[in-house]
Every structure is written in structure tokens, then in C-alpha cells.
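These notes open a run of structures that come right after.
Two complexes follow with chain A in common, the first pairing it with chain B and the second with chain C.
Now for the complex of A and B:
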């Protein structure tokens, strides 16, 4: 009986937020005489948003959970996509090559970022800001400021499809779960999360682990860069921290994922957090919501969710008290 | 004894501070450290009273000119920078000092302060956050100021046209922006196209040039469709409507239909989803963009018959897009269009400012080169991107140094590709 209740609580905890969001979005669209998913393009836009937000959330959370605020992930995404697209355009390579080169470039750039952090030993915020500027500048220098355009390259812009995005979601989720839950690296990572000093005293090497975290985050952002580039067929330059905005797309899904993670694997929580935000994004697009209104609504949802998380216990007491009164 | 020494030291320090903090009156800015050696070089840039257009200009001294940059990443700004860096700077005895990418009026002020400290004798501005404040600051420091690729409003011009330090502005006027949008829409209306979508670029941010281009498109549609746009049926009313809503309503204009509209540059998931669904609207024939269209919609229309028309500059990416069928029409600024304003500014620093017959600052308009095929694009691009023989070569520009207004105005007004080729 108790087990059944536990399973019900888990299912409710996992499914409530995305399901309720989905229902609200459907209702909002229906009220305005629009279908949330009407065309293939809507499905592609939805899955693209889920994929890129999920990967960004993974990348951000890996270091943020360890107390390392990484502002450079957006610039890694930018630079790795520039490297991969430039190579593939010049060599006439296909989309899988571009994805692979993006991934490898991201891993290298991420590892470099981590290496700088452990060598310089400055606070990660400062190091990551410097790295962001450096990678933005490098991107600018490589392309002479013009960015990269392959809008007429039918092969490279053929990637966007529901099936491709689903493949990326499933593979990335499995790899991340295996890496962080079933490998020595993952055990060390979690041990360092729970107590760095004790873990180090026990013989866990925190420096390789930190560099590994940066490398994995970089690899994920390399894929984000690839997804973003193949969506439009061009890569626009960003200077003066213009690439930082990417990381802010991951905060809401990270908080939602953190909440859902109480009932299942945290990474699955992040995926559902990404699904939730992608549903909201699609609703904005379908209802042609003004960007200023979008920002206000997103900020209200974020703040509301944080208020709930911070006052969860008080709310529980309040609810139990009310139930008691009813009895 | 110690007290006396201490007092003497304090006195010496006080005197030192007082002498070091002296400030020259406006227009006689005290040279910063390391500037004395360049002061002599700038003697040619004295007040306009010394001007004598008949006298041959002394170009033996290097003149420093500050360039305010508001954008370092668009094709247009990069093409402009390339023309100044790769052609002008190597053909004239000038040192062009560039600001960082500016994002607000405070940044403009700070950049001009730096130029003044660096002994720049003029500022050419590509940044438009607060042009009046820029001019005031430059005039206060006694250096010349010019607006590149833009124009002041009539009210602003009336306020500053007599300012001796205001060189003027050369760029597409709002009338030209309107006409650019009008011509673009008409090009397709004349082909019998009736189902359009519009990309409004910076219309949500009330950017005038984008509003005027869109108003031109809508006016052409009203004329061709025989209806009205939200109750507005003439140019002024449509412009007013766009300023009122900062958006474009979809719907019918007589027989013409606006099937979709996207504005802004949010670049987030929702915005890209909007772009995608607009480009894939059933029955859509043409996407008219007030700015760059192919970068945002090109991949979405791949393999369809939808046409994209853009306003921007001549960059390789657009040539590839035209060859790939993702761009059908481009109204592009040519990079050398900023040559004449450089000459006017340089001429002023050499003591020969070019003013109207009434002695006012320049206010001249220039338009775009329109390419409607890949071949035409390539022909324009070859000239526009050349660092050996660009559209305006040194020989052509030299004819403007210290010239009279009529000659200057006639030169600037002939801006079409064919006219410029004839001049060469």
C-alpha cells in the first residue's frame, strides 16, 4: 500500500509540471483559436527548443552544482560551431561530420576553459568572463567579423527534423546519465559535491574532475552551437559578452528540473524542465506574443517558482493545517 | 626644522597641483601627455576663418580622425570599416581611430573624450544614440563632427546647421528609406505577386528607417491592392499607423494579402519558431524584409518558391544566398558611400570646409544599389569589395577636396552603380 502511494507520489511529482503546462498552453491556444501543434514546423521548433535548452541546462548545471558559475558556455557554443562549419564548408563535409567536429571542438574549448580555471585559481566567474571574451574575440577574428553563412548549403541545413532532435535528446541523456551515475568520474563528481575537503582527503583528485566537468559542458555546448547553426544556416557574431545570454535560457528548466529531480533522476528532471519551457516558447510563437510580454511572463514564472521552492514547507504546513480543520 | 620642511613640501605640492590642473577654455583643449609633438601637425585644422578653398591644401601632416562605431558585426558595418581601413587610411594622410562597439549614449561620450585626448581633429559617427550630444561635445572641444550613413531629422538639422564644427550628414534620408521599401514591394506586385509576409526588423523598437521602409512596402500594396492598411490609405497615414503600433497587422489590403509578420531581433526559441512558421505559411509568395531577411528565413524556404527580399549591404553571404535561391532582391548600401563624408570632414580639418551656399552644414541623401540576380550582385560586389578600385576611388574623391557645394552635391547625388561607373 505504502509502495503504491510512493509510486503515485513519484509519478505526480514527475508529470505534474509538464502536464499542467501542456494543458494550460493548449487551453490558451484554443481560446485564441489556434492549435499548439498545427504543422510539422511547429513540432520541429518544439523539439529544437527542447534539445538546445536541455543540453544548455546540462552544461550549466554540471559546473553550477559544484559552485562554478560558467559564463563562457555561450562563447564555446559560438566558437565550436564556427570551427565546425568553417571546416565542413571548406572540405565539403556532411552534417554528421559537422556535428562531430562541433562536439570535439566544444570538448577541447571546455577543457581549455577548465585548465585556465585550475591553473589561474581565480574565482570561476572571473575566469569564465575572461574566457567568454577570448572565445568571442577568436570567433570574430576567424571570420573577420562576418560570421559564417551556409544558408545555401542544402546538406548542412538539412539537419532540423523531429527524428534528429529526438536522437540527440536520447543519446545525450543516456551519455550524461551513464557518465555521472555509473562511472568513477561520476562517483567522484558526486563525492566532491557533497564535501570537497573530505573527498580530497580520501584521495579523490578534484582538479582532473573539474577539468572533466568543463570538457563535458563544452562538448554539450558544441552540440548546442551545431543545432543553432543548422537551424538558420548562419552564425552571427557576438562581442562584448553578447554570447552570455544563452546560459539564461537554462535557469528556469534547471530549477524545474531540480524540483522534478526529487522524484526521479535529476537529468530526467532537466529534460522535463526543457520540455516545459519549450512548450511555453511554442505558445509564445503560436500566439505571436510580444517579446516584452514574453520576458515579463517568463520572469514571473521563474520568480513564482523560486518563491514556491523557498516557502514549500510553510505551504505544506498551511495545507495540512487546513486539512486538519476540515476533518 | 622638520615643520618648516614639511610646510615647504606641502606648499610645493599645492603649487604643483594647481599648475597641473589648469583647464583650457572650450575649443583650446589642453594637450594630453604625449600630444605636444602632434600639435604642430594639426595646424592646418584651425578655425574655419582661415579657410581659403582656392589655396592648395597642405596634406603633408597626418590628421587623426575618430570613428564612432555602433556595430562591429553586421555585414554593412564591416564593409564600411573595410573601406576606411583598407582604402581610405592607405590613400590619405590620416590616422583613423576607432571606438569600441558602442551600446549607449554614455559610451559615445566616453569614446569622444578618448578621441579628444588623442588629439583627434574630427569625429565621424556611425553611432546614433544621441547625435546632438555628440555634436555638442565635439563642438565644445573645437573638433569637427560628421554623421556617416544617416541623416538628422529636419528639426535637428535646423538646430545645428550653422554650427561651424558640424560638417554634415550623408546617407539615406527617410524619404529614400520609404522609396526603398516601396520599390521592393512594387517589384513583386508588378510581377503579379499578392501574398506577402513582412519581417519588420527593428520596428518594435521604433527605428525610423525600418518604419519608413515598411511604410513604403505598405503604400505600394495599398496602391496595387486598392484597399487600405488599417484605415490608412496614404503615405503619411501609414507612417503614423506604424509609429502608433510599432508593428504590422496581418490581413488583406484589397487584393493583396499580408499573411505573416515578425518583428524584433529576439533570437530566442520563440522568435525562431515565429520566423519558421511565417516562412512556411501556406500560399506565401514573398517575404519582404526591412533588413536582413535571408539569414533568418533562408533555410526555412529552401526548396520552395518563396522569394526573399532584403535591405542590407553587399557581402559574400548574400551572393551565396542569391545563387542558392534564398535571396531574390537586395537593396544594399555600397561601402564606398561613406567616402564623400570622409572627404568633407578631412577637408574641414585641412581648413577648407565644404558648406552650402548659405554657409550651412551638409545634408545630402544617398540611396542603395539594387540587385535582383546573382550576376548583378556579383558585378556590384566585385566593385564594392575591391580595395584597389572601389566605387569611389582616390582620384574621384580628390576632386571633392575643398570644392564648392554645387560640385560636391552633384557628385553625391549620382550614386547609382551605373552613374558611378560613368564617373570613373
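Now for the complex of A and C:
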């Protein structure tokens, strides 16, 4: 009986936020006389948003959970997509090659960023600011400020499809779960996360672990860069921290994922967080909501959710009383 | 041995200032060699640095507590746009000044009260506020502007568009901040809170009260920065103060302030950092470097200066 109750609580905890969001989005669209999912394009847009946001959330959370704030993930995404698209256009390579080059570039750029961090031992926030400026500058220098355009290259813009995005989601999720939950690297990561000093004194090697984290985050952002580039066939330049906006898309799904992660694997929580935000984004697109209204509503949802998370016990006391809480 | 260590410490402390002097010297030498109008170049440097220097000076209070606000640039933009609208409605520049200061302080206080009352992490609150303020910029321009801008007549601000006025604003505000930071209980309490929050709380220091004071001081700086922005560039667009938010962080760190806050915090960091970054940008322009390469060099110098300035703060473990 107790086990059954536990399973029900878990299922409710996992499914409530995405399901309620889905129902609200459907109702909002229906009230305005449109369907949330009407065309194949809607499905593609939805899965693209889920994939990009999920990967960005993974990348951000890997370092943020360890207390390392990384402003450079957007610039890694930008630079790796520039490297891969330039190589593929010049060598006439196909989409799978572009994906591979993007991934490898992202890993290398992330590892370099991690290497700078461990070598100069400055707070990660400062290092990531410097790295973001450097990679943005390098992207600009490589393309002479013109960016990269391959709109006419039918092969390189053939990636967007539901099946391809699903493949990326499943593979990325499995790799991240295996890496962080079933390997020595993941064990060390979790140990360092819960007690840096104790772990280092126990002999866990922090430096390779940190570089590994940056490399993995970089690889994930390489894929995000690839997805963004192959969607539009255009890569636009960003200077003076223009690339950091990418990072902000991951905060809401990260907090939602953190909440859902209480009932299942945290990484699955992040996927569901990404699904939730992608549903909201699709609703904005379907109802043609003004971008400024979108920003305000998303920020309010983020603040509202955080208020709930940080005052959960107080709210429970208010709603069910102290006795109910102790039961 | 002790004296040698003190000397080493003093040299490290002076690194950001030495860096500024070096950049000034390089600018003068290059300017003379390349035969550019150095006086005009200096005027440009002051104009470009002043807004960041003013806002960053106020932001030092927030950084001293060990937190940081990423929405300062967007707050300056909203305050400047609203100030511009106030001028267009009343024709009175003093009203615009009051609106800039009042709104910026209100936004700042809203951030800190939201974080204090609901126990939210300040940084995330300011990220949400950044989105809201950026959206507000678009809404304000659309509602009150002519096309893509809100324009204050340049004749109205011309009497104030002088280096003297801008420097006076910076100096007066800096002196106020320096007084509060170095010679009052508030500054000492903030340094203690940033350095050791548990100890500070046990001694009876209210972190919420200190956060509200820090954000209010920063709000005044944002308001002044917004007003100076109107004076310098009276045609306000969505790009007004758009890069200020990140420039403030860079300036403060470049000026030798630790991001963790605490006792090592320095009020002069903001001004040193803001002017250093602008000198650096001007040197890149004189050298005719591609914007991308210029930014790469800037990034490398930024990391190098901060590395040297914090050389004595290394730990066995990686910093977080």
C-alpha cells in the first residue's frame, strides 16, 4: 500500500508540471481559435526547442551545480558552429560531418576554457567572461564580421526533422546519464559537488574532473550551435557579450528540472523542464505573442516558480497548517 | 621577511592602477606616433567611460556583499527612456533627472526587496528583471517614440553635454560612495557580510537591511548614469546602455575588486576598471585592429590583469 502511494507521488511529481502546462497551452490556443500542434512545422519547431533547451540546460547545470558559473557557453555554441559550417562548406561535406565537427569543436573549446580555469585559478565567473569575449572575438575574426550563410546549401539545411531531433534527445540523455551516474568520472563529480574540500583531501582529482565538465558542456553547446545553424542556414555574429543570451533560456527549465528531479533522475527532470518551456514557446508562436510580452511572461513564470521553491514549507504551513505538514 | 611580504602585497594591490597608468602611457605614445588628436581622443575616452564608471561605482556595494546584479544596464536603459519621456512631456530637464534617479532606485529596491522577502537568490532575480526591463525598453519605445527611438531635443541637453559636467557628476557621486563605503558603519558591515556572512549575522548585522542599502546606492548610480546617457546621446534607442550591464562587471573586476566581495573590496575599482577598458578599446582602434581581434586582445589583457591583481589569493582547491 505504502509502495503504491510512493509510486503515485512519484508519477504525480514527474508529470504534473508538463501536463498542466500542456493543458493550459491547449486551452489558451483553443480560446484563440488555433491548434497548438497543427502542422508538421509546429512539431519540428517544438522538438527543436526541446532539443536546444535541453542541451543548454545540461551544459549550464553541469558547471552551475558545482558552483561554477559559466558565461561562455553561448560563445562556444557560436564558435563551434562557425568552425563546422566553414569547414563543411569549403570541403563540401554533409550534415553528419557538420554535426561531428561541431561536437568535436565544442569539446575542444570547452576543454580549453576549463584548462584556462584550472591554470590561472581565477573564479569561474571571471574566466568565463574572458573566454566569452575571446571566443566571440575569434568568431568575428574568422568570418571578418560577416557571419556564415549557407541558406542555399540544401544538404546542410536538411537536418531539421522530428526524427533527427528525437535521436539527438535520446542519445544525449543516455550519454549524460551514463557519464554522470554510472562512471568513476560521475562519482567524482558528485563527490566534489557535495564536498569539495573533503573530496580533494580524499584524493579525488579535481582538475581533470573540472576540465572534463567544461569539455562535456562544450560538446553539448557544439550541438546547440549546429542545431541553430542548420535551422536558419545563417550564423550571425555577436560581440560584447552578445552570445550570453543563450544561457538565459536554460534557467527556467533548470529550476523546473530540479523540482522534477526530486521524483526521478535529475537529467530526466531537465528534459521535462525543456518540454515545458518548449510548450510555452510554441504557444507564443502559435498565438503570435509579441516578443516583449513573451519576455515578461517568461520572467514572471521564473520568479513565481522560484518563489514557490524557496518558500515551499511556508506555503504548505499556510495551506494545510503545521499539523498537516508533520503528518 | 614581513616587510618584503608587505611590499609584494602593496605591489599586487596597485596592479590595476599601474595597469591604468600603463594604458594611458601607451595611448599617449601611440596617439603621438600615429599623429591623432590626443585631446579629442581623451574627450572620447571620458565620454565612453563615464556612464560605466558611475554605474559601476554604485554596483561596488552589491559586489561587496558577494552578490551581483546583471540587470543594471537594462535598468539604466529603462530609466533613461522614461527620463526622456518625462522631458518631452514637461520640457524640464530637472524633472527628467528626478525621474531617472527615482525610477532606477525603485527598480533596484524592487530587486532587493523581492529577493529579501521571498528568499530568492539575488542573481536569479536580476536575470528575471533583465528580461522584464529589456521588454519594457521595447514597449516604451513603441508606445512613446517616433519609430525606433525616443528623442530629447539636443539643444535642451547641449549646455550639460560637457566633460566638466560629466566629471562633476562622477566625482560627487564617487565621493558620496567613498564616504559611505570607507567612513561609515554601512561600509564596514557590508565588507563583513561579504567576507563572512555567518559571523556577520551572529554579530547582529541584518543582511536584508544591508542588501536594501546596497541596491539603493547602486540605484542612485544607475539613475545618474541614465541621466548622463541622455545628455551624451539624447536620441534614445533600444541599444541605449545595452552593453553597460556586462561592462560594469568587467570594469569592477578589471579594477581589482574580488567577485566574492568582502574586506578586499575597493570603491576605486569601478573607476579604474571603466577607464582602463576604454583606454584599451581606444588603443585597439588606434592600432586599426579588426573588432574581433581587438576583443580577443582585450579578453587576454583582462584575464592577465585580474590574474596578477589576485596573485596572492590562490588556494590549493579550484575557486568556485
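We adopt the following convention: the second predicted complex is superposed on the first by the 321 of 327 C-alpha atoms of A that agree within 3 Å, B and C clash if a C-alpha of one lies under 4 Å from a C-alpha of the other, contacts with A are read in each partner's own complex, and residues count from 1 in each chain.
Here is the rule we go by: a contact is a pair of C-beta atoms (placed from the backbone, for glycine too) under 8 Å apart; a residue touches a chain by one contact, two chains touch by 3 or more.
Only a predicted model underlies this, so the values are computations on that prediction, with no experimental measurement involved.
After superposition onto chain A, the modelled positions of chain B and chain C overlap sterically. When the shared chain is aligned, chain B and chain C each come close enough to touch A:239.
Applying the stated contact rule after C-alpha superposition, one finds that A:79 touches neither chain B nor chain C. Once the two structures are superposed, chain B and chain C can be ranked by residues of chain A touched, with C on top. Once the two complexes are overlaid on the shared chain, A:55 sits clear of chain B and of chain C alike. Contact with chain C, but none with chain B, is seen for A:123 once the two complexes are overlaid on the shared chain.
Look at A:311: by the touch rule set out above, it reaches chain C but stays clear of chain B.
In the superposed model, A:133 makes contact with chain C only, not with chain B.
Using the contact criterion defined above for the overlaid structures, shared-chain residue A:251 touches chain C, although it does not reach chain B. Applying the stated contact rule after C-alpha superposition, one finds that A:146 touches chain B and leaves chain C untouched. When both complexes are overlaid on chain A, the residue A:197 reaches chain C alone and has no touch with chain B. Within the three-chain superposition, the chain C stretch that clashes with chain B turns out to be 40-48, the only such case among 4-12, 40-48 or 76-84.
Overlap of the chain B and chain C interfaces on chain A comprises residues 140, 144-145, 239-240, 291, 294.
The part of chain A that touches chain C in the complex is made up of residues 66-68, 116-118, 120-127, 129-134, 136-142, 144-145, 196-197, 200, 206-207, 210, 239-241, 244, 248, 251, 291-296, 298-300, 302-303, 306-307, 310-311. Listing the residues of chain A that touch chain B in their complex gives 39, 41-42, 44-46, 48-49, 52-53, 140, 144-147, 149-154, 157, 160, 231-234, 236-240, 249, 278, 281-282, 284-286, 288-291, 294.
Remark: chain C residues 114, 118-121, 124-125, 127-132, 134-136, 138-139, 142, 243, 246-247, 249-250, 253, 258-260, 290-300, 302-303, 306-307, 310, 314-320 touch chain A in the complex. For chain B in complex with chain A, the residues that touch the partner chain are 72-73, 75, 78, 100-101, 103, 204, 264, 266-274, 276-277, 280, 294-296, 298-300, 302-303, 315-317, 320-321, 323-326.
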